[in-house]
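Each of the next two complexes has subunit A plus one more chain, namely subunit B in the first and subunit C in the second.
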Partner chain A sequence: MSATRDVRYLDHAATTPLAPGVFEAMQQALLETPANPASLHGPGRAAAEQVEMAADTLGTLVNARPRDLIWTSGATESINLALKGAAEFVGDAAHLVSVVTEHSATLDTLAWLERRGTRVTRLGVDSAGRLDLDALETVVADGATLVSVMHVNNETGVIQDIEAIGAICGRHGALLHVDAAQSLGRLPIDCARMNIALLSVSAHKIGGPKGIGALFVRPRTGIAAQVHGGGQQRGLRSGTLATHQIAGFGAAARRVAETRDSEHQRLAALRDRLWAHIETLDGVMRNGERAHLAAPFLNVSVADVHGEALLVGLTEGALALAVSSGAACSAAKGQSSYVLRAMGRTPREAGASIRFSLGSDTDTAAVDEAGARFVAEVRRLRALAGVA
Partner chain B sequence: MSRDRGAGWLSRFLAPRHAIAECAIIQWHGLGEADTPGEDAHCRIQLACEHGGDDGRIVAAAFAAFGPPVVVACADWVCEQVEDRTIKDARSLNLRAIEQALALAAGERYAALLVMDALDMALARASSNLG
Partner chain C sequence: MSIYFDHNATTPMHPDVFEAMRPWLTERHGNASSLHRAGREARAAVDEARGLVADCVNAHPSQIIFTGGGTEADNMALKGVAALRRPGRMLISPIEHPAITDAAEALERDGWQIGRVAVDGQGRVDVADLERQLAGGDVALVSIMVANNETGVIQDMDSIAPVVRAAGAWLHTDAVQAVGKLGFDFAASGAHCASLSSHKIQGPKGVGALVVDKQMDMSPLVHGGGHEQGLRSGSYNVAGIVGFGAAAKRLMADRDAEIAHMRDLRDKLETGLDAMPGITRFSANAERLANTCQFAVAGYDGEGLLMLLDREDIAVSSGSACAAGTGEPSPVLLAMGVDPAVAQGAIRVSLGPQNTLDEIQQFLRVLGRLSDGGGMAMPGSISASVLG
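Now for the complex of A and B:
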């Protein structure tokens, strides 16, 4: 993705390059259907058709009716609308249940609600990052309004059993909101079968443009609008629709619908190949259990290396790796990954962790180069620290 | 960690020239260590000297460092500065010189302090070992 340096981009969980056909779809929408899709005249209807086509594609991808999709600026806004909207709709009796390893979009929104009096329960995870379903059922049976769980964790790639969670919610009359920012296009999502009432997704995680997302709202799910204005989208999210962004999202969704299953297998093989390089080192730990990890993710903790030094060492230099860390600051200051600490890693282990996330442009050569570079950098830093 | 990584220290972190692991010296005369628990950082500096006392000349200086990149860079720079100087001269090296040379931000000054603490101990030991 860089034109100036030799970089291996392995950060697709952060964002993805545009998928083939997306730019063209956006350009076409901008140039050929520039009218407001809410307008009733011919040009307006042409723009609305672009929106409907995208909704059809995205709806098919998650088994939802197109008219039940609300366009937003991204998953963060979708999550805000789902959680704040549900809490406001229910009022004082609202009880929201979630997990300590959620994305900050969820955790910060829950904290905001909690400061305003909403009851919030946060559940822990086991050493594999998985939610204890018995513990969840106990809490939900106690009278939860809504359960919010991310399908695939953004740091580790750990997959939660959404179908089982949906069944629990169904047994006790709670709504299920799923943050599917990292699972859309990577895992099958079936809103009907999984008993999902609310689903948050983002386009730029699947090769679409940044700045566009969607919230699926199951019929007869009570949420209060958080953005007011022209009454678009059934009044749930006012504002003129960004036709070109939505067209780009639709094109990206079409692409991943065609490639998802084959990409899953290909990326899982590449991820295991990358781990095979890394596990030649002593003192490395893979975070999460392979059987419950989304294919593009490999999260590794490294002993005897400082997290910030590792991240800077990898992301700078002649061959740079575009990778991420949950929090590459000081483990001693408690700034290491809260996700990994919830899974039982020590602050230093959680601080010295790197997330690789593979994607459509990742190939064997990139993985081999990244693996060799990672091993070399860990050895270099250990030598600098005087660790044999 | 700042997004605007210091150009002053980044190249030195990526390619330090005074790491103990790269050094062929067998006999060291002064070893100094320091920790900064708040930053999860540790630094060790070793000196090889000719002659004794404060007039002894430092013929080689090397470091081992665990911590953020700026710690490695500071340790490398200090080792470079003290080589070929007497122990007395080396004592004149101060925090401000490190901060200016590596363009340290306020939040990175702890690294200079850490390395200076290790250097002071190493100089004292080298002086007494050879005195």
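Now for the complex of A and C:
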């Protein structure tokens, strides 16, 4: 793999390399417990044991009961199941409240529900990307059935105050769904204390495999199944369980449970170090307020540079930086960031923005190299454009 | 040595498939939607696998929509068509996989009329009845599987497809069991869409595909991000998809020899069974998958016999793994008109390419020993589930 030797991977919000021990757990599940975990025979029961162990680990990590966990193919499916399932269960009375800066899995699902007649309210954010809790309470008090908020934004790293939002939902009898794809393993999550009825998580953002996620469903939360079939997982999500994927998710969850707090400290220091490099430039702006950002994230808007040119300049060349200009999902479509525009950035500022997201394999040297490379590239592009 | 005779439930992963997946689980970990090099490499791997899966079923790569498995693909076909129309009529057969029958029941609750086409005593769809039920010209979609997971019965798609097309309905077929043990040619099948699953062909669990003819109008089942031409969102399970591609590639090279081997073993098994007293073989006179044999032993409950065989380290199924543990007789056999008391005794042997003649002989010896017992000394916990 000489092709990756000169790359600094700073795109852990898009996906992460497997954490230590995860590949081994997956390999063991693939080779030693290959049977269908729904089968009654011994090999099937051995596979089912792997699934149960992983559920225990994940439940502990978010303070929810393992038996309330529904395995899915990823956070996108979890979010679809939570929102469509809750809307379908309530029927015509459904009123879903969410935020304009949510992941497209939430926004696209809400748009689909809205076209089918479900009432949807979308709240804006302030210039720091934060939800106005008074505005939320007013809407929730007006008869919202479900509030869907992401814990940590995938583009900016902005943290929403889930505990306060959970309290608002509790006061007015609304269910709270949290998209925790970016916060699992990075911030503490406590479903009980935060009053979370539905929690969507993904393995591949925490050093687990792609293609596996989960939805925690608190007891007595009404949701309708979206994938019907053999009746696996209490009928809420049918389909053969992918034992090796689940075992990999469990191993990754075990790992982050041990490293989360120390990694948070370490990555926050590295993130600040990276910003110290970048803020030597004129015309750069950090998106989000430091006090409300998850440690691995640094999202920077750059004046007087064309966004696409900057991204291409950074991701190519002798020392390539694997960074992103937004969500991987919308990157493929070449759109400027709706998240940054919602925070009041002009389309031009939103366009010239770069997301760095650090992770377990990021060290001081990588941050210093990336910072120097970024500064040099911005200067090069500005010189080309005749900007001093 | 343990004997695994449950390949219709799931197959052990082929070593070549695991080796193909390995780099995508270790050093090559990009998100296939990211624009940087790690992302583009992952995208190229997904597209290579797409080509291999397409080749394997004679479809165009652009017709392959990757899903989280066969169950999701089945759900997507029915609900994806239903979502774009006012409730109308669909036809299924009563021997479809639960992914189809349960999805159809969900549509019934939404106001759809679901007609069930008759099958004969061997489990073959009655094409004349299909034609009658299509006569009104108001059927949106027909779903009939290529080959049944329990009995292995192969449907006459050459007769079914023209009838469905002449009536102006879409034809979906569940080809999950057929691909590895019969072969499936999408272009020649006459179907407009078809469900595939990786883990039935020695690929990984948790990945499948819906093959979709471009002229079909279909709504996605999972929204968010717009992956797979907008039909299936969610970060790509790169390693899983690569594994599916590798399994398809291997299968194309080995399938004919594997089918011949499995057929030879299955025929020897059936010769042995036919020489034993009290055995009822199902669908014995129909064209079946080369690896599948479903039968009942007089005096035994299927799940009870399964557990007795499990004690001898022989893994078989008493029906679909998905429905395992429900204690109900197989709906497939009941639809064929099998006496419920006999259907309750059904077990399924489904062979794989790695099975040997020694294993067949050992299985016959064990079964002979169990059924020779006459009164059949059985432990209390199991005798309770024995009929008659």
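Operating definition for what follows: the second predicted complex is superposed on the first by the 374 of 388 C-alpha atoms of A that agree within 3 Å, B and C clash if a C-alpha of one lies under 4 Å from a C-alpha of the other, contacts with A are read in each partner's own complex, and residues count from 1 in each chain.
Rule of thumb we're sticking to: contacts are C-beta pairs under 8 Å (C-beta built on N, C-alpha and C of every residue); 3 or more make two chains touch, one makes a residue touch a chain.
Everything numeric in this text was worked out from a predicted model, so none of it was measured.
Trainee: Give one of first, second, both or neither to describe whether A:V152 is in contact with subunit B, with subunit C, with both, or with none.
Mentor: A:V152 sits against neither subunit B nor subunit C.
Trainee: Is A:G230 touching anything from subunit B or subunit C once the two structures are fitted on A? First, second, both or neither.
Mentor: second
Trainee: Once the structures are superposed on A, label A:M26 by its partner contacts, choosing first (subunit B), second (subunit C), both or neither.
Mentor: After superposition on chain A, A:M26 lies in contact with subunit C alone.
Trainee: After superposition on the shared chain, which partner residues are touched by A:A197: those of subunit B (first), subunit C (second), both, or neither?
Mentor: neither
Trainee: On subunit A, which partner's contacts cover more residues, subunit B's or subunit C's?
Mentor: The partner that reaches more residues of subunit A in the superposed model: C.
Trainee: A:R348 contacts which: subunit B (first), subunit C (second), both, neither?
Mentor: The first partner, subunit B, only.
Trainee: Residues of subunit A that sit at the subunit B interface in one complex and at the subunit C interface in the other, please.
Mentor: 311, 316, 328-333
Trainee: Can you list the residues on subunit A that touch subunit B in the complex?
Mentor: 304, 306, 308-309, 311-313, 316-317, 328-333, 348, 351, 383-387
Trainee: Quick check: in the complex, which residue numbers of subunit C touch subunit A?
Mentor: The touching residues are 2, 4, 6, 9-13, 18, 23, 25-31, 33-39, 41, 67-72, 74-75, 97-99, 102-103, 105-106, 197, 199, 204-207, 221-227, 233-240, 303, 306-307, 309-310, 313, 315-318, 320-326.
Trainee: Which subunit A residues qualify as touching subunit C in the complex?
Mentor: Interface residues on the subunit A side: 1, 3-4, 7, 9, 11, 14-18, 23, 26-27, 30-31, 34-36, 38-44, 72-77, 79-80, 103-109, 111-112, 202, 204, 209-212, 225-232, 238-245, 311, 315-316, 320-325, 327-333.
Trainee: Considering the complex alone, what residue numbers of subunit B touch subunit A?
Mentor: It comes out as residues 1, 5, 10, 13-14, 16, 19-22, 37-42, 44, 64-69, 72.
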